[in-house]
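Structure record follows, encoded as structure tokens.
Letters A, B, C, D and E name the chains as they come in the text, with residue numbers starting at 1 for each one.
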Amino acid sequence: AGLPKLGCQLQAGKEVRFNPEDDNYDHQLSVRMACVDPTTKDELNVVEIEGQDSEGQKVKAVLATLKPSSLPSVCLGGFEITPPVVFRLRSGSGPVHISGQHLVIMEGDQSFDEDEEEEEEEEEEEETLTTAKKRPALVTQKLSVSSGIN
Amino acid sequence: AGLPKLGCQLQAGKEVRFNPEDDNYDHQLSVRMACVDPTTKDELNVVEIEGQDSEGQKVKAVLATLKPSSLPSVCLGGFEITPPVVFRLRSGSGPVHISGQHLVIMEGDQSFDEDEEEEEEEEEEEETLTTAKKRPALVTQKLSVSSGIN
Amino acid sequence: AGLPKLGCQLQAGKEVRFNPEDDNYDHQLSVRMACVDPTTKDELNVVEIEGQDSEGQKVKAVLATLKPSSLPSVCLGGFEITPPVVFRLRSGSGPVHISGQHLVIMEGDQSFDEDEEEEEEEEEEEETLTTAKKRPALVTQKLSVSSGIN
Amino acid sequence: AGLPKLGCQLQAGKEVRFNPEDDNYDHQLSVRMACVDPTTKDELNVVEIEGQDSEGQKVKAVLATLKPSSLPSVCLGGFEITPPVVFRLRSGSGPVHISGQHLVIMEGDQSFDEDEEEEEEEEEEEETLTTAKKRPALVTQKLSVSSGIN
Amino acid sequence: AGLPKLGCQLQAGKEVRFNPEDDNYDHQLSVRMACVDPTTKDELNVVEIEGQDSEGQKVKAVLATLKPSSLPSVCLGGFEITPPVVFRLRSGSGPVHISGQHLVIMEGDQSFDEDEEEEEEEEEEEETLTTAKKRPALVTQKLSVSSGIN
């Protein structure tokens, strides 16, 4: 299947792009933790994400601000983002580690009969519940998770 | 569709209003992180939101108090707010970055037949589950997310 | 409807009682954040809640301990409490800001026919899902949220 | 009903046992916050829980490490534990306050007819949803919450 | 059943492997807290996990960075990982305590009749909901939790 991985190390001038190949699956990121490294300078490190809004316009948001001596880690509470997305340091020279989950929704074959409308409804609901639970591995053949660092 | 974005930078005297156009959709904000900037002075910065209660009365609440040297970021745990809402600094000169998700519930056509009662029940339940999961992108045609900074 | 608001400022000797009028609705508080103020003295401020157990016995719990210089805000993760409840400072002179959501479950008319048993089951489930999602505004006529500060 | 309470104050040499009476109900703890007291010495206080694994073997885990001057409170994110469980300080002399929710699942009468299999399925699902939502008070007759301090 | 336990103490050079025996059950870890010990040196301790992506490739991620004097505990928010997984200190000499939940999905007998397709759908959905709720003990015969320290 060739699933992309979520998890990376950010440094000044080295952004990380997360853009799964167009495989007809729905991809979702659930970003969990941002953590400094022992080699991170004692300054404020600001993690920024850049994504797209529903019209394809570029939007940016600050995910976390960390400082080794006061806040070396912060839980992001499962911040959910739809790729494509770029992670970068807006300030600070890093490194900052980002970890989380990459959810892939595998739709399977969808052959519609006359109950098309209703069937579709059901499938949608099921998928939504499934991914929302962040337990993809429990729904084999449907969902797959990958959390790592490149 | 012209979806408003959630995500902003607050500064003393510069409040940010979030008021989606009246488009017959339900809008919901899920505010995730509040973070200081390297340019933020080392003082307590208090983020306040102002919304409305069910009677249209103005209500205010403190979302977060940050200080660059002790708590540069705080996870808000997905604090959910129904717009219209104003974000501002109640104390401190900022800047403070706010990020989160803007959920839009697109209801679609609802032509009711004799099964109206039951159908409605089902739709309500589905929508509730859907938004609750904060995975709007997984329910294409129903929900749309935008997280950014203006 | 006259919905009570959640959100308050605690000071030594000034407790805040949250006791919605007896309106046949179910009320639930989801307490999200506790934050100090720039005027809060640099000492430990301990937030206590007092509620009732299932037998009507008074019970107390410590919600948060804050100190301006080390932990000016803390996420309570959506601590859920059934009113009536009193919030107060057990130690420290405050002020401490508390914010969260006040959920009201409006049951609507429940005229039971011969399918009473089954219908009731369904309604219960739906309400549970609904409130659990903390997205009351999405279920108009059923749930209403108010987050503010008095 | 005589529901036990969750919520306690731990001190060196004073562990707190949580073991609901055997009442045929399912009990679950959702531990939310650990907080120091103004009388807590400025040292690391380590909160340990001791429970049982599925074979009845004793297992221990560290829930939180707090220090008044650096981290006076920590959100445990709703750490769920099935009683019986013992809370104690593994290090430090305390006091440390623990708060959370005690969920009781009241099963009600279960008279099975020929649709036993299916009915059971439905009930299981409903209960799971119900408790999972941590909104026991919304499901009167099924679930009851008690959060307090002894 | 012989359930493995989640919960461990990490030290430099002493990694902890979590690899449940191949028992046809689905296993899932929900990692909740990372905490230092009073014996932990005042340096940055970086907790790393190593797992596998969907292709069996080794992936690593940083779970938390702790320092006794500034951040002695951090909530990981229920970071979910599918075993096999290795926990280790990437930096620092520890000890660092990790705690969480180990969920086991017991599938039971699955004898498929002509309604195979539909039945399977239902079972999947139920399991997903079940585990997602992290209330395994409430679904006796289906799920079992173990949180401890070895």
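Methods note: contacts are C-beta pairs under 8 Å (C-beta built on N, C-alpha and C of every residue); 3 or more make two chains touch, one makes a residue touch a chain.
Here the structure is a predicted model, which means the values were calculated and not measured.
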{"item": "Distance between the centres, which are taken as Cα means, of subunit E and subunit D, whole angstrom", "value": "19"}
{"item": "Approximate Å spacing (C-alpha centroids) for the pair subunit B, subunit E", "value": "31"}
{"item": "Set of subunit E residues in contact with two or more other chains", "value": "70-71, 74-78, 129, 132"}
{"item": "Topology of the chain contact graph, where touching chains are joined (line, ring, star, complete, other)", "value": "ring"}
{"item": "Complete ring sequence of chains beginning with subunit A, oriented so that subunit B follows", "value": "A, B, C, D, E"}
{"item": "Residue ranges of subunit C touching subunit D (in the complex, touch as defined)", "value": "26, 28, 43-44, 46, 49, 51, 53-55, 58-67, 70-71, 74-82, 91-92, 105, 121, 124-125, 127-129, 131-132"}
{"item": "Complex interface listing, subunit A residues touching subunit E", "value": "1-3, 5, 7, 32-33, 35-38, 68-78, 97, 99, 101, 104, 122, 126, 129-130, 132-135, 137-140, 142, 144-149"}
